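What follows is a set of structures for review.
First subunit A sits with subunit B, and in the next complex the same chain sits with subunit C.
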Partner chain A sequence: MNILKQELRMGRKSLIIWCLSLVGVLCFFMLLYPSISNQLEDFQKVFKSFPIEFQQAFGIADLELSSILSFYQFTLMYVLLAGAIQAMNMGVAIISSEVREKTADFLFVKPVSRNRVVSMKILAVLVQILITNAFVFTAALIIVTLLSTDAYDVELFALFTLSLLFIQIFFASLGLFVSVFLRRIRTVLPISMGVVFIFYIIHLLNETLKDEKLGLISPFDYFNLSEISKKMNYDSLNFLLWFVLVGMFIFLTFKLFARKDLPSI
Partner chain B sequence: MNVFKKEMKANIKSLLIWCCAQVFIIFAGMTKYQGFADSQVDMNALFAAFPKEIMIIFGMGSVDISKVAGFYSVFFLYFMLLAAVHAVMFGAVVVSKEERDHCADFIYTRPVRRFQVISPKLLAGVINILIFNMVTFGASVFFISQHNHGDGLVDKVSLTMLALFILQLFFLALGALFGAVLKNTKMATSTAAGLVMGFFILSVAVDLYDKIAFLKILTPFKYFEGAALMINDHLSFTSAVILLIVSFVFFALTFVAFNRRDLST
Partner chain C sequence: MNVIEINQLTKFYGKHRGIENVTFSVEEGEIFGFIGPNGAGKSTTIRALLSLIHPTSGSATIFGKDCIKYGSEIRRDIGYLPSEVFYYEHMKVREVLNYSASFYDNVNYSRIQSLAEIMDLDLNKRIDDLSYGNKKKVGIIQGLLHEPKLIILDEPTGGLDPLMQQKFFDLIREENEKGATILFSSHILSEVQKLCGRVAIIKDGTIVRVENIRDMQKHNYKKFTLEYKGVIDVHHFNLEGVTNLTLDKNTLHFLFKGDINRIVERLQGQSLLNMLVEEPSLEEIFMHYYQKED
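This part shows the complex of A and B:
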């Protein structure tokens, strides 16, 4: 319990900064919405005049551009990107920082098992992710409600926004795994930023290419927002894959860390 | 010379990983191109009907992606993002790492001036980004020539890589400046990461809403356009000069700031 409290106290400042910047990104884009919503409605009319085959080919057959959620979907992508970096950062840092800051010989000689330390640390990451999500969800709900002129689909909104939670959990567990897998981590951010951006670019690439195999690589594609809006649910295969991968990363974190050689001073 | 060698050796592994990721992205992208070229009949006509804002929301530019040059020009954004993350992190870490690893008392008590330590470090940075650039160039020409009847479009790709290199240089200088000015590696990398994200989000917003187009000058991601480079063979001279001057100023400031720095031991 002490470990959990200590971790939360140490992460408080960066958690506040992250929450504020995620909401900042969200507000920045959403505030552009009123000024371009008229344009979007015009596009909607243009699209409807296209032949139906064409609409289907481009996936715009049942696109509701005039709805605020289509713009929210676009905005959320950048929140997901930033949120993924935050989560991966926490995952990589939380265990490796003990070795880096030479506190490992203090913590790991206490009468608690390594597994217990790791579970407390994972719990701390989870709590911080949940706080972030609660904050972003509330802020997004307020912004979208304020800006929308007519009613919108709350369920779809919830599905969209919850994908942040799943993506953050994925990247946090990946980060944990990476941090115990590598022998020593000197700087956290280059690793997390690099990994997240590579996955993000694979996702961007796949937006154009629509390749199924490529879609299995990037976690951003597991929760593809345009797919979600079409099906009104998460893709079950991708969700299963997400679940298996997260489980595997967490399991390996415990397994590898229990046997890891910790350098002391 | 010793510092240079040491620095190259320390970074060879991460450089290798970055290059592999880059080659994979080019490979994955170009492999799918064939399908695109065969199936899409007249992309130009289709895209002409599309409003610009929609193309941005769908993550595509207004270029003819059924031609190999147009298709490849879409990649420029991805290259910029990855190269920016790589270069800025390299710069921020390379300048500030000695203090973090508690090696500052060792290296800065040698009978060499401070700038004699920093310059080989920065040179190693330039060589690293150059290798990254060359790998991108080689992979691009190779995969393009496979899908373009053996013609690798060497002129166009080398122009694109020149633009990319100028951007990399800018981000390296930016990172180095943060490394020299800010308190420690963690601060330097976080600030640099925040700024890269900010630049990226601004570049998207500028595309979306034309009334804020004057903000274009603030984000380096808008200094070069992939389409202009690949299709019109046009490298914006003013952009290149501005970026080079700014990088030069940043490098100079790095030296000044580092000379006055109070090294923590």
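This part shows the complex of A and C:
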């Protein structure tokens, strides 16, 4: 438990900053809602006048800005994007930082097995993701409730918002795998930004192409918000795929790290 | 009983050699020196013992148990001081030491305080405010605070001033007297000479020899310094047992191992200004191990 405590302590500051930023993004977009809500039809018209490919690429093809939840859906996409970067950052950094900060010679000569260190670190990432989600969920619930003029579908709101949790878990586990797979990581942010944006671009591309196979690549497609609002549930095949991939990444993280040589300074 | 037993230990990083067929053992209660130039494989051997790296072939046991298989169990009784120390920058010294202590059962926390007093270290400073030498002190304390049965030191004295080195050596001797076994790696021979009973010499990844320091110093080598009046014929001393032959103006230096009378024979008829016969330091004895073969 001492490792978990230590990790949470060290991640505290960055967790607070990320939580505030995510909620900041959310607030910024959502607070536009009241001021443009009476002009929404005009906006809609402008959007609809764009070529359909353009609309699809920006994820506004199926957008009905008339209700608060569809506006929230539009906003949430940016929160998901930022949240994915946060999670991947944590995943990539949490093990690799011991090598990068040269503290591996401290931690890994202690009487703990590598598997235990990895478990504790994964647990620390999970706890931080849960805290982030609790914070974002609460803030979003308050904002949406305050801004909505009439009743909205709470279940759909929950389905939307919980996709942040699943996307974060995906990117965190991918980050863990990447961090033990690569020999040495000098900087974390370019890796996590790069990977997240590649997946995001694939997602945007697929909004236009609507290709089923391509949809299996990007986790943003597993939790496609417009699909969720149509089905009122997550896609079961995509959810299964998510589960298998996360499991595989975690398994490989343990497996690869147990055999990894820790380079001397 | 052997505390450390290393058997044919080999580590390759891809095609690059780390160590090859390293074999030696360290007995319980001794201070064992491990010397060799930089890059010879000292740290590689030590990192394999601590299961920070996995050997390509061969094996090593500590307390009779395989290093890799029982790594976490073995490490309960090991204290390690790396050659360069790095800790979590934003933490205070006390926090790092408490974190370190939290990995062990039954740690006497007052020991942190008393060790810090001996080493003259302020526990309330932040790690990133510490000088190199002070970080080293943190390393020494975290290596000793759980009273390990085996202490592994990898070039431990860098950054410590002579006074602190002395205190550090005293601490190590004290732990040794209480029963701890010590593996002391260094490329500074004089400190090994001060502390160790036996040494293993490693060069280019292989063990050159394992010897008892006192034997080697007392019975084998003599250091000669001859000052001549006139021109010196270097070839005059080109005989078996002479090493490290150097000529400096009209002064000749060399080490000799063997029957002293053979040197005396050669000296007859020579006109000398001065002559010194001394016990060589380990540095001088090992110099020829250090020089790379061409």
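Definition applied: the second predicted complex is superposed on the first by the 240 of 265 C-alpha atoms of A that agree within 3 Å, B and C clash if a C-alpha of one lies under 4 Å from a C-alpha of the other, contacts with A are read in each partner's own complex, and residues count from 1 in each chain.
Simple rule for what comes next: contacts are C-beta pairs under 8 Å (C-beta built on N, C-alpha and C of every residue); 3 or more make two chains touch, one makes a residue touch a chain.
If you're wondering where the values come from, they're calculated on a predicted model, not measured in any experiment.
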- Message: So in the superposed three-chain picture, is A:Glu101 touching just subunit B, just subunit C, both, or none of them (first/second/both/neither)?
- Response: second
- Comparing subunit B and subunit C in the superposed model, the one touching more of subunit A is B
- Query: Is A:Phe251 in contact with subunit B, with subunit C, with both, or with neither (first, second, both, neither)?
  - Reply: neither
- Query: Who does A:Ser35 touch here: subunit B (first), subunit C (second), both, or neither?
  - Reply: first
- Task: Examine A:Phe243 and indicate which partner it touches, taking first as subunit B and second as subunit C; both and neither are also allowed.
- Result: neither
- Message: Just to be sure I follow: which residues of subunit A are touched by subunit B in one complex and then by subunit C in the other one?
- Response: none
- Contact residues on subunit A for subunit B in the complex? 21, 25, 28-29, 32, 35-36, 39-40, 42-43, 46, 50, 54, 58, 65, 70, 74, 78, 81-82, 85, 186-190, 193-194, 197-198, 200-202, 204-205, 207-209, 211, 214
- Note on the structure: Interface with subunit C, subunit A side, in the complex: residues 2, 6, 10, 101-106, 108-113, 116, 259, 261-262, 264-265
- Any idea which subunit C residues touch subunit A in the complex? 13, 43-44, 47, 50, 52-54, 71-76, 78, 80, 82-90, 99-100, 102-104, 142
- Which positions of subunit B touch subunit A when the two form their complex? 14, 17-18, 21, 25, 28-29, 32, 36, 46, 49, 51, 53-54, 57-60, 65, 74, 77-78, 81-82, 85-86, 89-90, 93, 97, 100-101, 185-186, 189-190, 193-194, 196-197, 201, 204-205, 208-209, 211
